[in-house]
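Take a look at the structure below.
Think of it as A, B, C and D in the order they're written, each chain with its own count starting at 1.
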Amino acid sequence: MNSFLTLVKRDLLLAYRSRGEAFNSLIFFGLVILLFPIGISASEKLLAEIAPGLIWIAALLASMLSLDNLFKEDFHDGTLEQWALSHHSLISFAWARLLSHWIITALPLIIIAPMFALSLNLPTEAIGVLIISLLLGTPLLTFIGGIGVALTTGLKKSSMLLPLLVLPFYIPVLIFGASAVDVSADGWSAAGQLYILAGLFVLGITLAPFAVATSLKVSVSQ
Amino acid sequence: MLFSAHQLSCIRSHKTLFENVSFQISAGQLLLVEGKNGAGKTSLLKLLTGLRRPDSGEVHWNNLNILNSESDFRSHLAWLGHQNPLKEEQTALENLILLGHIRPRNTNSMISALKTVHLGHVKHKFIKTFSAGMKRRLCLASLLIADTPLWILDEPQAALDKAGIALFEDLAEQHLKNGGMIIMTSHHSVNIAPEYIQTLKLGQESQ
Amino acid sequence: MTEFLHMGGYGFYVWSSFGLTTVILLANIIEPILHHKNALKEADDFYSEEN
Amino acid sequence: MNILIKWYYRLGAPLWFYPLAGKLIPWVAALFLLFLIPGLYMGLVTAPADYQQGESFRIMYVHVPAAWMSMFVYLAMAIAAVVALVWRVRMAEIMIISAVPIGASFALIALLTGAFWGKPMWGAWWVWDARLTSELILLFIYLGILALYNAIEDKTTAGKAMSILTLVGVVNLPIIHYSVVWWNTLHQAATVSVFDKPSIHIDMLIPLLLMATAFKFLFLLILLLKMRANLIEQDVHSGWVKKIILDKQAEMEKEHD
């Protein structure tokens, strides 16, 4: 267990030391949101209507793009091989990496999201539900995405493969996440959507690490 | 303690790298794997560590296949590949602590391990300031703090200067004396007492 | 016969659907046959130049 | 003893499977036609026109079997993935990669015929109907599996990675389907979707079942063809291909002289 904690501590320390990297997903998140009012139209009514879906799609894209280097560095410098051959199971390594990656990239995003929501004049009562839905949804995105990353880590050329593998599995999370915020923006209770999201969350974080560990073993054996 | 391989073969993208490779080593012995580049030395080591399944044949640790979990092979193994599993943004000590978590620890302290590989004076420096030789020596230090009888090393002497190679040879000899086992690949000879050494040739002759 | 082709006014849609299906499924039959043929040819070249 | 079995699975299977598949192919093709011809005839000619949709409902005889097959092929692939990962049977991996193109084609047919069926009935080429949307997502999952397999050079690793992705897919498919159905009810009043099978009169049902069985034999036919091709292509250097090629060459010489 403490090797799990040391790993997480080490990852956070590394992220702290190279701070720039963690901000990239934040900047990307802001940029994507900036595009919509410019691209579509800045009329308040329309923006308020698309705001829930838009914030969720921006968070989904930011999380997916930041996934790419989740295992790549460990694969190339041999750390992955070491952990694959350690007497600890690879699942605890996968868990630690996914958790620290979520803390580094998704947590700051959730903290910033309300500010962007206001800029899209999302009704303020929906902000609370937005944060809860992101708190439940983004770990799910990271864990499911982790499976795709583990499968493609061994590839020489970094291709567009990851989004292709992972986006179909993001769809249920997007459906319930976006509609939770959308429904609460109209003043209805979003409990139903959040419960389902919580259900998916539990299913995701329990099953995904097994798939990630198995996929890492396959990538390491290349 | 017995580590043995039986009729191993490995096929990489349609090419048979090697076939029916068999050997056996026990406590206090070193197996030197020699062969030209591309003869499949690293692939053989991947089979021996269990990172990759052999296309045919089996690897046994105390007569149990290393791939099934009863053999608990991994808690007796220390592996060092071509690359140095170190993070540039960390200090030598931090890296060693991390590497210490991967394998069962023995009683040697980290500081003494760093001193034996002459890195005691730079333990709080970031790795990115280290030379390739220093990084390799840090990896050797990680072997010293592990309580694993079997070392499988892929060109451990790479990037080491003459003093580094001499240091490695002392550590290896020490490990063999304490009843350890080493399997390693190398381009040049290892001048340890010959009675410890067994060599395995890989490449065309063994076909 | 023309009545049959006309399909009560929906001829275009019905025959396009059946046509597309046939084209895609035929492609799925022919492609493996060609794939098999030149795989055999390559194996043949490999073994004939070897011995 | 189990080492022998393992050997048999690993190496013996292609030597035994390849000629057997060769012999089966003509029979499977015959069975496919046996069901296709009456199915088509009854579907297009004898089945009474639907009182509501008129003749355009006949598109159902391709759309529905194709949609069923796109799921059936994926389930077959998922079973093969379990066999490939748990018992390490390489033949199962060859089966998966041979089945992916057909599965994707069935999903594509279901989407296209769905559009052609929706246009006269619904007035729009594409309808965000729950079934069509899940079919579209299924098509993307098929393409993802194909892309992953082709991206990895070493075919044994590619096979393993693909099996894992197939299993991840089969776990997610019901979740995706039901969340899309739920999402659909959110956006559209629950009108009768054009793709609900109209009240099935017996004369309409028989051709549908005939076509569905015909498509299953077609899947088996294409699978056998594709597996034989992949086996030869991947095992070019192994002993059993050499034997087959040399036997062929020997035969050809016998015919010449």
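FYI, a residue touches a chain if its C-beta (ideal position, glycine included) is under 8 Å from a C-beta of that chain, and two chains touch if they have at least 3 such contacts.
Fair warning: this is a prediction, and the values are worked out from it, not measured in the lab.
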If I rank B-D and A-B by number of C-beta contact pairs, which comes first?
A-B
Chain B and chain C, separation of their C-alpha mean positions in angstrom
54
For chain B and chain D, what's the span in angstrom between their mean Cα positions?
47
I'd like the Å distance between the centres of chain A and chain B, where a centre is the mean of that chain's Cα atoms.
37
Chain C to chain D: how many Å between their CA centres?
15
Taking each residue of chain C in turn, which ones touch at least two of the other chains?
none
Contacts with 2+ other chains: residues of chain B
53
Residues touching two or more other chains, restricted to chain D: which are they?
154, 236-237
Chains that touch, pairwise
A-B, A-D, B-D, C-D
Under the touch definition given earlier, write down the residues of chain A that touch chain D in their complex.
147, 151-152, 154-155, 159, 161, 164-165, 167-169, 171-172, 175-176, 179, 196, 200, 207, 211, 214-215, 218-219, 221-222
Once bound in the complex, which stretches of chain D touch chain A?
85, 137, 140-141, 143-144, 147-148, 151-152, 154, 157, 160-161, 164-165, 167-169, 171-172, 175-176, 179-180, 182-183, 186
List of chain D residues in touch with chain B within their complex:
10, 88, 153-155, 236-237
Touching residues of chain D toward chain C in the complex: what are they?
44-45, 49, 54-56, 58-59, 62-63, 66, 98, 101-102, 105, 108-109, 112-113, 116-117, 119-120, 218, 221-222, 225-226, 228-230, 232-233, 236-237, 241-242, 245-246, 248-249
Seen from chain C, its contact residues with chain D in the complex are 4, 7-11, 13-14, 16-18, 20-21, 24-25, 27-29, 31-33, 35-36, 39-40, 42-44, 46-48
